[in-house]
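The chains carry the letters A, B, C and D, assigned in the order they are written, with residues numbered from 1 in each.
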Amino acid sequence: MSQVWSAPVRFAECDMQGIVFNAHYLVWADEALTPWWVEQGIDWSAYRGHQYVVVASTLEWRSSARHGDTVTVDAALEKLGRTSLTVRFEIRVGERLCCTVRTTYVCLSDGASTAWPDDLRARLAA
Amino acid sequence: MSQVWSAPVRFAECDMQGIVFNAHYLVWADEALTPWWVEQGIDWSAYRGHQYVVVASTLEWRSSARHGDTVTVDAALEKLGRTSLTVRFEIRVGERLCCTVRTTYVCLSDGASTAWPDDLRARLAA
Amino acid sequence: MSQVWSAPVRFAECDMQGIVFNAHYLVWADEALTPWWVEQGIDWSAYRGHQYVVVASTLEWRSSARHGDTVTVDAALEKLGRTSLTVRFEIRVGERLCCTVRTTYVCLSDGASTAWPDDLRARLAA
Amino acid sequence: MSQVWSAPVRFAECDMQGIVFNAHYLVWADEALTPWWVEQGIDWSAYRGHQYVVVASTLEWRSSARHGDTVTVDAALEKLGRTSLTVRFEIRVGERLCCTVRTTYVCLSDGASTAWPDDLRARLAA
């Protein structure tokens, strides 16, 4: 698991309770996906005709991020299926875990789910 | 299960793919919670000393909401534990299901998890 | 000037000071534009080849909207030029003015600024 | 004028037209204010009893920021009055100017507008 994204918490991301509003964790996990693909050596421009869509996300909060904090996102492959894969994102402030996001993506071709390309699968298994 | 919230999809909620960005479904479910409490006959101002926090959310997408659509949110109690409860939110455009959100809340008193007040539990069981 | 849009303030729109974060007023004014066009009898699907872009916005705050408030947006034509027009949006909670937004749009055709179509201009002058 | 803030454009900040939605420029300018105070040698924790509020913002767009771009924000004092001050924020992608934001703040003490503290004024004039 390695850090793929980081950002200072924005004032507009904090709510009346002084903590980051829950939906922003999903924004951060979404942003972290692109550098994670890059880190896996996967270049989506090489997979013309294939796309992926988000089908599910789960979020578990352990503690709150606040204005003044810088959040980091670590990402790792959680599960690789034939047509789906789940990435686990751990969002922290320093060592402290704030939220674990698990997002499941499905590979699409011509609008229908399809197996991940072999080359992509090989890179993820490496 | 009954409708507790509704809103037209905003232009700023749609992304480059022309569909609602995933984090906004969590915003809508969050907005739907307050009218759901009201519908259960639960007035949080009557529970001084008790609060609740979100500990987990699960989102499953079935189809996309788009600009021009009006989304509705139905809500129902999914599970009631001693100190936690899970509400299921079904977000639809017309009859079409877009996303099911399940959010788990924990009751707090003085910062520690505590059993839901008996009166609140009675109303939820009604 | 007439009311073209309204919405309850969302929890996620309020910041740590307990008031609506300033950028959301721009979101609301943006949402109010579409029903304002409709109210003027202007159907943009009739102007194929023409588009408009935002070139400037000015926001003046007088008071704050808060969670629990419902905001309304009144809109009126402020100024009509050859290729530009400015719409004034007054955002209120009840009678109380919170923010006046003035946004200037420029008419485009093939990516270049162009005069507003005569028919559209006639409707705005009506 | 010096750079005080920078961030990659987020996917969720882009709209159906593939460009950053206008309200996000206001979020970025707001984020840029805090490091600008720091750069002026102004520590707001030293001004107990004084606060400031935003009373107006103007935004002028010249070009669009897009996903994949990194935006930078330069900030400078535009105008210093007795109780108000205006900061100019220039938001760029590389050398290209996307948006100029001018925001006016008023100094408050006990909820009423008041002159900026002499020490703060001296630092801004330096």
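Simple rule for what comes next: a contact is a pair of C-beta atoms (placed from the backbone, for glycine too) under 8 Å apart; a residue touches a chain by one contact, two chains touch by 3 or more.
Treat the numbers as computed from the prediction; the structure is a model and nothing was measured.
Colleague: Using the contact definition stated above, find the chains touching both subunit A and subunit D.
Modeller: Intersection of subunit A and subunit D contact lists gives B, C.
Colleague: More than half of A-D's contact pairs recur, by residue number, in one of B-C, C-D or A-C. Which one?
Modeller: B-C
Colleague: Superimpose the Cα atoms of subunit C on the matching ones in subunit D and note the rotation angle, 0 to 180, in steps of 5 degrees.
Modeller: Resulting rotation angle: about 180 degrees.
Colleague: Per the centroid of Cα atoms for each chain, what is the distance between subunit A and subunit B, given in Å?
Modeller: Inter-chain centre distance comes to 23 Å.
Colleague: Nearest whole angstrom, what separates the Cα centre of subunit B from the Cα centre of subunit D?
Modeller: Inter-chain centre distance comes to 35 Å.
Colleague: Give me the residue numbers in subunit A that touch at least two other chains, ranges are fine.
Modeller: Residues 11-12, 21, 23, 27, 30 of subunit A touch two or more partner chains.
Colleague: Note which residues of subunit B are touching subunit D in the complex, please.
Modeller: 11-12, 14-16, 18, 21, 23, 67
Colleague: Where on subunit B is subunit A touching in the complex?
Modeller: Within the complex, subunit B touches subunit A at residues 21-24, 26-27, 30, 53-61.
Colleague: Within their complex, state which residues of subunit C touch subunit B.
Modeller: Residue positions touching the partner: 7-8, 10-12, 27, 30-31, 34.
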